[in-house]
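These notes open a run of structures that come right after.
The two complexes that follow have chain A in common; it is paired with chain B in the first and with chain C in the second.
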Partner chain A sequence: MGTGTGRVTRDDPAGEAAIAVEGVCKRFGTTTALDGVSLRVEPGTFVSLLGPSGCGKTTLLRIIGGFEHADAGSISIHGVRVDRLPPNRRPVNTVFQRYALFPHKSIFENIAFPLALQRVPRAEQRARVAEMLDLVRLPGIEARSPAQLSGGQAQRVALARALIGRPRVLLLDEPLAALDLKLRKAMQLELRRIQEELGTSFLYVTHDQEEALTMSDWIVLMSEGRIAQQGTPAEVYERPANVFASGFIGEANLLPGIVAATDGTTARVRLADGGAEVTAPANGVRSDQPVVVSVRPERLRIGRAGSANGAENRIPGRLTRRVFLGNIRREFVAIGPDLVLVAQRGVDAEPIPNGEPVEVSWQAANTILLPDEGASHGG
Partner chain B sequence: MTGGRSHLVWWLLVGATLLFLFAPVAVVLLFSFNAASTTSLPFAGFSLRWYERAFGDHQFVVALLNSVKVAIVVAIFTAVVGTSAAFALSRRRSRWLDLFSSFVTAPLILPTLFLGIALLSFYTQIGLRPWLGTAMIGHALVTLPFVVLIVNARLMRLDRSIEEAARDLGATPFQSFRLIVLPLVAPALLGAILIVVAWSFDELVITFFTSGGDATLPVRIWGMLRRGIDPSVNAMASIILLTTIACTLLAGRFISGREIAR
Partner chain C sequence: MAAERLGPALPVQESAEVTVGRPATPAWAPTAAQLAPALLFLLVFLVGPVAVFFAYSFWTVKAYDLVPAWTLENYQKALTEPIYLQLFAQTLVTAGLAAIVTVVIAYAFAHAIRFHLRRYQEALLLLVIVALFSGYLVRIYAWRTILGDEGIINQALISLGLIREPLSFLLFSRIATTIVLVNFLIPLAILPIYAALQNVRDEEIEVARDLGATPFGAFWRVTLPLAWTGVFAALGLTFIIAAGDYVTPQLVGGTSGSMIGRTIASTFGTAFNWPLGAALSFLTLVFVLVLLGLVKVGSERVLR
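After this line comes the complex of A and B, so read on.
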């Protein structure tokens, strides 16, 4: 995985994680928020905790920060067990989603708060606050009050305040969720720049898969209190481990079917809807196993029936709808009574009128077979 | 026009109501500055003689000091205990605390006459001689709920993550309370305390039953009225009136202005 370098690793014995979470479980009454979560954040890396609403991301972050206690499992930060330490004695800081600036204190007092607690001399406080404000590109706003800041500025101040104590690990809980799209994109780059500049390990919670893909060294994908998959952005995007990962990260056509034949390297799958056959790398499936075929929209080609392009999988269909998205076009092709594939084409591709018979094709290598977890109950 | 007529009627109603509400108040205030020695018209000229007479009366001065003592002790006690109780109530949800919260608000709805009698018989039962201290207990009992409820309402609207941020940045629970929570609830607390002082300063019934021989200002006035009206009573009543109004107005600034706006 990522670049385990920088000042953070200097005094660490080799192989020690910045954060090590082992088998953490947490229940709230009858809801299980976390169900045996284990993960490692390597020193100096940017790790995203990604998952849909309610999957337990905030709960895990709060347990690491010390605001919630796990029912089972352990948390270590740079090799030190912190399970019994209160938040003020853990070597991590948190950036909260709603900024949580102190409304009755100036920006200077907000950022200098950790230093004031440690009775750092006033001159040093001033120098370090100025340094932090430079880092987050808001120099000279020390005298203002939090009420006078925009959302993006408040978020930068919260970041400066969390970083001034020079934590080795920073936890961020959807820090950009309240910002508009443009500001969010800008802040994504800023956050990554600051993380690389300081070499601090970031554990970043988000439910935005695009954000996770663009910012992270490592993605931990969660679903219903468990880890569905983890890996580099390229790994989780290109080799989703299950139907959930495939659907949550990026877009995917998910087609249920049954394995008709397999020789161990390639398999043929009969689609449940429409009965077309698809060839794909076997990925460990057995004959007659219910599976889900996953293909990314950008892997699909659309052409007039019979046009040769060397793709193993060809399914006839009818173009039903076209959506223009600026740089690309998204086209919907019906290939069965209830089955519609989504394909992506460049704006220059030859336009085909709606309702026209077409052929959807893609290469076997770009097809992923995933075990159909829902099949036994679904029918 | 009917519109104009109903307008006029409305204003007459408002005027009459205000007159009935405030005329007695105005009369007391006015006669406290009257040079004549009867509390009847005509007004015989401005004078401070009734105030001089009141302050020359040793018993009045003792009663005034007693009132001040009660107000100060009750204010400090309810501020400390009320804030602690409000903090406990807003932070931990438990059935025990819910029960406590319904108990703590009970004195608010009990009639003061009942409370006065109940407290007096309780003190007698446990062999406590009524004096100024027992009156303070009575006042604290009734006013504590104000403080708990007002401070609790403020705490409930305080973003929990602000406190968590303080803890996260290295503050101990006490530091986070003293440096972050307390300054944020201070205006509401101050408002609540002013209401407590205003209430305590003119409370008669509970004090009458529980203070024994140590009269506060209202008790002293009540005693004087039974012996016939002396115009210096107007001066004493005016002192209570002005104190109460000043406290209430100030409290209103702290609670409605800064408290509700946030």
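After this line comes the complex of A and C, so read on.
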């Protein structure tokens, strides 16, 4: 997905954020769930809170929804502080992972629930429920009961119920996690369509990086209660800020090494394993600094040893394994005693038998140097 | 239709079963075997005696002997004599009051352990069950020492100078009957309500709050309807037990707290009028069931 929806106006300081989170902290007993998190969701955008389980993303969503209270920090929704408001008085609605349709109510009564609370006239309720069911492409199921719906249908109904009150902001807590892969992919596009159609701001919690890349205008990557990086999908994918971001979003070959030389624009790194040298944009590293070299599998080219191409980085290796994935092949190339690179090739590429000596090559520009934080993220 | 389509395949299945060596038992047989003991027990020890007494209610008594007269005069008497009508009314009001008070208190308790004290739920439920162990009569006498003229409450109020004469309405009154019944019934009501609340998921309540419901709105529109089977079971159980009780009214009820059960017992006993006693019993049963039916229908309209 591209970045060009035109709605991302990050640098406009005058604009009022749909959601503004400032320095939110939350502890449960002795564990820190959120450690000073700040972020903005611009009006009308689709923002994903991405991270592994236990990184605090669901806790943050529950704090914004009003189901948990932050120990420190503040939450504003369209300029209004909501920290002390109960969930029913916040201008946001939530779609939960397990749908939580009311089993004792019909689909109509489920979706019309917020309208019934506001004592909206029955005729208007009927019209708006029908409109919502059209939006989620399930027209005419008003009379059914939740037990008669499939998982995908139930999630669409839950979405309709959350949207019927016309919230300006919708929070979604891994709403597709319980669906199978095919349905999930279809629903990703559906959600994005609905979000664009209504212009509602979506804050979407997920642990699935592909889902985040597919749907979002903006990705907030979280790790251990903090924000590891945020940016457009292309930014976080192409320019990961740290080893965690590089490994979590997309696939990456992460190769530890030491900076051998740098002239400020490019740097040469000696890999710790195998001793090969790699050229990369300097990215602010100093000589003798321990770094991690990150290269995406799709940037690697594999050829027979000595085959000529213009790439700056060439490392000899041996093909050890090949995995066929239908549209692509994934090849594993040993370039050091314990160092294996993962490369991606089209299925049409010339097949090279296992065990053959090969040359792995890639452009210096496609290489990212990341500070080695000493964590055991190495790939 | 399905059976027709499966028709040709059936012999194959049967022969397969035969080769495995299992006897060809019909599919309903195990279920029937499971139900049979309870059904048999209820048939012999409940339906049988009740049927006998239903027959008695149309008989009459002549010279201390039961005569099968097949008359409606017992029912006529029970429904026209003011004393019986007053007792029916008093019974339904007292039992209804006791059942409602019991269910409200039990609901609050069950709600608290389900939603706020989950860590202590096992210990608290054990306490509830332990409360059922203590003897019924012992507890009634205990209440007499608490509520009586010389009892703890009156003595405390007198020594505090709040009253000069003991509050006589505390004992031998409808209040006393209700208090003692509630005390006895609360554990019986907590268990079904707690079981029903187990089926209400936190997320369902959170969704209701998220969609704009106040805490009471979420309770009224989501929690209570979802737990209603258990709450209604508790209401029915406690109402039936209270309406049939005759020891409590006799020992703490006085005249205003008197109930039909005591009269039925003495009609069977000292008066030796089994037909009238049986008619009074069946009328009580009908009134109780009709009232519960009305509550059921009404609640289904209100709680949606």
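What we mean here is this: the second predicted complex is superposed on the first by the 360 of 379 C-alpha atoms of A that agree within 3 Å, B and C clash if a C-alpha of one lies under 4 Å from a C-alpha of the other, contacts with A are read in each partner's own complex, and residues count from 1 in each chain.
Definition applied: contacts are C-beta pairs under 8 Å (C-beta built on N, C-alpha and C of every residue); 3 or more make two chains touch, one makes a residue touch a chain.
Since the structure is predicted, the reported quantities are computational estimates derived from the model, not experimental observations.
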Problem - Simultaneous placement of chain C and chain B on chain A, clash or fit - result: clash
Practice task
Have a look at where A:Ala100 lands relative to chain B and chain C in the superposition and call it first, second, both or neither.
Solution key: both
Exercise for the section: Kindly classify A:Asn327 by the partners it touches after superposition: chain B alone (first), chain C alone (second), both, or neither? Expected result: neither
Practice task
Tell me which partner A:Ser53 touches in the superposition: chain B (first), chain C (second), both or neither.
Solution key: neither
Exercise for the section: Considering only the touch criterion stated at the top, classify A:Thr30 as touching first (chain B), second (chain C), both, or neither. Expected result: neither
Exercise for the section: For A:Gln118, decide between first (touching chain B), second (touching chain C), both and neither. Expected result: both
Handout entry: Partner chain in contact with A:Thr265 - chain B first, chain C second, else both or neither
Key = neither
Handout entry: Intersection of the chain A residues that touch chain B with those that touch chain C
Key = 65-67, 86-88, 93-94, 96, 98, 100, 102-104, 113-114, 117-118, 161-162, 165
Handout entry: chain A partner contacts - residues on chain B that touch it in the complex
Key = 159, 161-162, 164-173, 175, 179-180, 183-184, 262
Exercise for the section: Give every residue of chain A touching chain B within the complex, in rising order. Expected result: 65-67, 86-88, 92-94, 96-98, 100-104, 113-114, 117-118, 158, 161-162, 165
Fill in the blank from the handout: Listed in rising order, chain A residues that touch chain C in their complex are 65-67, 86-88, 93-94, 96, 98, 100, 102-105, 109, 113-114, 117-118, 161-162, 165
Problem - Residues of chain C defined as touching chain A within the complex - result: 201, 203-204, 206-215, 217, 221-222, 225-226, 304
